[in-house]
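Common to both upcoming complexes is subunit A, partnered first by subunit B, then by subunit C.
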Partner chain A sequence: MSRVRELTAPAIADRLRGPGLALDLGPVVARLGTTLPELLDPVRLLYGGFPIADHEPLVDFEVRIEPGRMLRRWIARQGVAFVDGQRAFAPFPRAQALPMLEWAVNWCTFTRPNQYLLLHSAVVERHGRCLLLPGKPGSGKSTLTAGLVLSGWRLLSDEVAVVPPGAHHVLPVPRPVGLKDASIQAIERFDAGAVIGPRTPGTRKGTVAHLRPPDDSVARRHEPAGPAWIVFPRFEAGAVTALRPISRPEAFLRVAHESFNYSVLGDVGFETLAEIVDRCSCYAMRYGDLATAIEALDDLVTDRSSRPAIAGSEAPR
Partner chain B sequence: MGTAWRLPDGQELRWRSWDGEYLLYHANSGDTHRLNAVGAAVLSGIAAGSVETAELVERIARELQLETNAIHEAIVDLLARFEDLGLVEPVDEPGPRADSARDR
Partner chain C sequence: MTGRTDRDLLLGALRDPLCLGRLEIHAWSELLPAARRAGVLARLAHLTQQRGVDDALPPRARQQLAAARPLAEQHARILRWEVSRIRDALSALDVRLVLLKGAAYVLAGLPAGRGRLASDVDVLVPRGRIAEVERALLARGFRSMKLHPYDQRYYRTWSHELPPLRHERRRSVVDVHHTILPLTGRVHPDPEKLLAAAEPLAEPGLWVLSPEDLVLHSATHLFQDGDLGGGLRDLLDLDALLRDFGERRSGFWSQLVPRAESLGLTRPLYYSLRFCRRLLETPVPESTWRAAEQAGRPPRPLPTLMDELVLRAVCPDRDDRRTPGAQAARVVLYARSHWLRMPPWLLAYHLTRKALRAWVPDRDEAKA
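Right after this comes the complex of A and B.
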């Protein structure tokens, strides 16, 4: 299967303009399309390691980013997004086409595959066990994820933990890691070799850019990992990094509350999430700088005492 | 004679317990509740078969080694909350809901 970067720029442009570029993202196949020439280089850069999935008989969703029509195109210079051929979302400044493409692919990934339990959490893996980092926007989750990935952890996702019902593992969906404002500089300082796409200023999240997912994470996109830790990060400038154990019931409810479809799945969602939480040690982590936060999480991997106790699933007597 | 309690027909409850706490999934409402040992004992006591408030209080006091007087009020309040949540219902009062102080 060819990878995107193995195609010439004109060949990628032809696909994006025409039938679309079908990508194997792991649990989903997405087809991307656009006639905007400014998206060609970012797509090549950020998705270069992904295999082209032209042979896949089933495409889960198609996202196209196109110029607006008439006044939107020539006066307002706006773009529009289409999902599966239908206009989706409000028009946006054309200069924000790349974040809009990423946002639209995220939206499809979070709302379409309801055959899985979808938790709002970053997921990274080391030595076969994965760490879930649930967090609200602004918690520092993506910055931490980027730092971990640049420190040797495998990226499963920076936004969503995909769990098949009844399974004891998380499926990878390794996509570009979204960074914003000061996080972009923080990651550049952390690793001068980090491959980061173009900056887009003025979005509703501020200036945004995307870290390219490592080729190894992309290559292992069909390799699930068993969860071992759930850590709720919270960045506070100047704070001393500290991990505080929290109970599994507390972690369960916090994760369920932030899930994309826990309530949709009913008892299947409850049992599936319980199996995940059952296997994890759970913490809240406050951190003030990336290096000490990564060090604290690396220490979890080597601490055998963090293995979870067995929990009960029967009604109390 | 005090109020007797039971689970409504077709009630489906799923449990998990960790670290002395309980999570309860109430399939009929889709809600997930976090309970301590007393809350779990109240609900599981009723799930085992309809039971009067006084007997339930005595049973839980024995089971958790607590004073009956110390937990009676809390359990009466808890039963009212469980009734509001649709988790339990009184056996003998089909009419308008009696006030939560009926067993005080």
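Right after this comes the complex of A and C.
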């Protein structure tokens, strides 16, 4: 299966303009398409490591980003998004085509695969077990995820934990990691080698940019990992980094509340989430800077991984 | 590939889910988006599961169907719970609570309720009791969704239902009807007749319309009130109701047309049977079909015109492949729905009020 970056730029452009570029994103296969020339380079950069899923004639969803028609195109300079050929979302300024593409793919990934429990959480893995980082927007979840990924953790997702009912593990959906405003500089400072796509100022969320997911994380997108820790991060400027154990019931309720489809799945959602939380030790983490936060999480998992992996027996209640 | 091909594929799949085991993979990539667009993916998923054909399907198709089921299951769960809350709220009133549409199908355990996406609860109560019912629901946390005074007036004066009520915490919506068609419309089925023929469910305090009336209400909803927006989903409801009652309830087929005549609903029944037979191959006995034709067939060019409109409505074209014909059909359907709903003078007034509101923020709104 060839990867996106192994194709020439014109070959990618042909696919995007024509039949679309089918990408294997892990649990879902998406087809991306656009006639906007400005999206070509960002797609090549951010999706360079993804395998092209030409062998999959049936995709899970198709996202196309196109210029609006008539007035929208020439006067308002707007773009429109199509999901499976249907107009989706409000028209947007064409300068925001890249965040819109990412948003549309995310939206499909978070709302469609209801055969899984979908938790609103970043997921990273080390030593074969994964850490869930649930958090509301603004909690610093994405920044922390980006920092961890640049420090050797494997990226499963920066937004969604995909849990198959009854399986006790999380499926990866590695995608570009969305960064906002000050986080972009923070990550650039943290790792000068980080590959970050173009900045888009003036979106609903401020200035946004995307960190390219590491090739290794993309290559291992079909390799699930068992959850061992749930940490609720909260960034506070100037705070001293500290991990505080919280009870499993509290963690359960907070994760359920933030889930994309907990209530859709009913009792299956309850059972599945209970299985996950039962296998995890749970913490709330306040942090004031990226380096100490990563250090604290490294310590947490190194400490744990030196002991036998009996689910939860020594975890705080 | 043209839109017509999507439609044929989709209708074929719904008629005969067993044939999906032999469907080639490229056809799936047309079929699944078409089913999603028509709002019937969950229904298709229910059918493949029920017929045991899932194992024979390509894995990715099987996954997408599996992904479509939980939402319909959630909606059925919500309906059951909301109905229990409404019954509770009305328990002191001693009013006959008749469930309509999805709530009726789900609570009565009918095949029409499986794999159906809709969580709004529709109920029918006697017109004289509607104020009490509204008060009782308001007392339990339901709130009127239409706050604009003109909307309130529109519903209360001309409509067949209260302005929709939404629960302030659960966000669930209940439509309280006192009859099944707008008061201003061209046909006025007598709601007393509907209430009198209603049948109790096993669960105390809950009623559903009689089999014939369930069919006629669904027919009315699709062909008399609205722009065929419910499209294929409503037609599948009708198909499931007709098949189920035709099989289980003796006398159903012979009573259907006379009941439609007594309620003045022969036209929507005619259209329902026509399109169920044509598109879904619903087995309608020849005698019933002939009687329905005789009673409700409109003058010549109309059925043929409707054929084209209905075909487009049941499976909308993709936005990115939309033809001028499809656009025209939408305009015609919109006009038709309003024409059926109110007399011309009221229509003119209604559209003017609505249009003005888009431009002039009026005093009423400020007060509301």
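Just so it is clear, the second predicted complex is superposed on the first by the 303 of 317 C-alpha atoms of A that agree within 3 Å, B and C clash if a C-alpha of one lies under 4 Å from a C-alpha of the other, contacts with A are read in each partner's own complex, and residues count from 1 in each chain.
We adopt the following convention: contacts are C-beta pairs under 8 Å (C-beta built on N, C-alpha and C of every residue); 3 or more make two chains touch, one makes a residue touch a chain.
Note that the structure is a prediction, hence the values are computed from the model and not measured.
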Kindly classify A:195 by the partners it touches after superposition: subunit B alone (first), subunit C alone (second), both, or neither? neither
On the A-aligned overlay, A:263 touches which partner chain: subunit B = first, subunit C = second, or both, or neither? both
Check the residue A:112 against both partner chains and state whether it touches subunit B (first), subunit C (second), both, or neither. second
Thinking of the overlay built on chain A, is A:248 touched by subunit B (first), by subunit C (second), by both, or by neither? first
For A:167 in the superposed arrangement: first (subunit B), second (subunit C), both or neither? neither
First (subunit B), second (subunit C), both or neither: which does A:82 touch? second
With the two complexes superposed on chain A, say which partner A:301 touches: subunit B (first), subunit C (second), both, or neither. neither
Does subunit B (first) or subunit C (second) touch A:45, or do both, or does neither? neither
After overlaying the two complexes on chain A, where does the subunit B footprint on subunit A coincide with the subunit C footprint? 263, 266
Sort out for me which residues of subunit C touch subunit A in the complex. 25-26, 28-29, 32-33, 36-37, 58, 60-61, 63-64, 66-71, 73-74, 77, 318-321
Mind listing the subunit A positions that touch subunit C in their complex? 29, 56-60, 62, 64, 82, 84-87, 112-116, 261, 263-266, 268
The residues of subunit A that touch subunit B in their complex are 247-250, 252-253, 256, 263, 266-267, 270-271, 274, 277-278, 309, 311-317
Sort out for me which residues of subunit B touch subunit A in the complex. 12-19, 21-23, 25, 27, 30, 32, 34, 37, 40-41, 44, 47
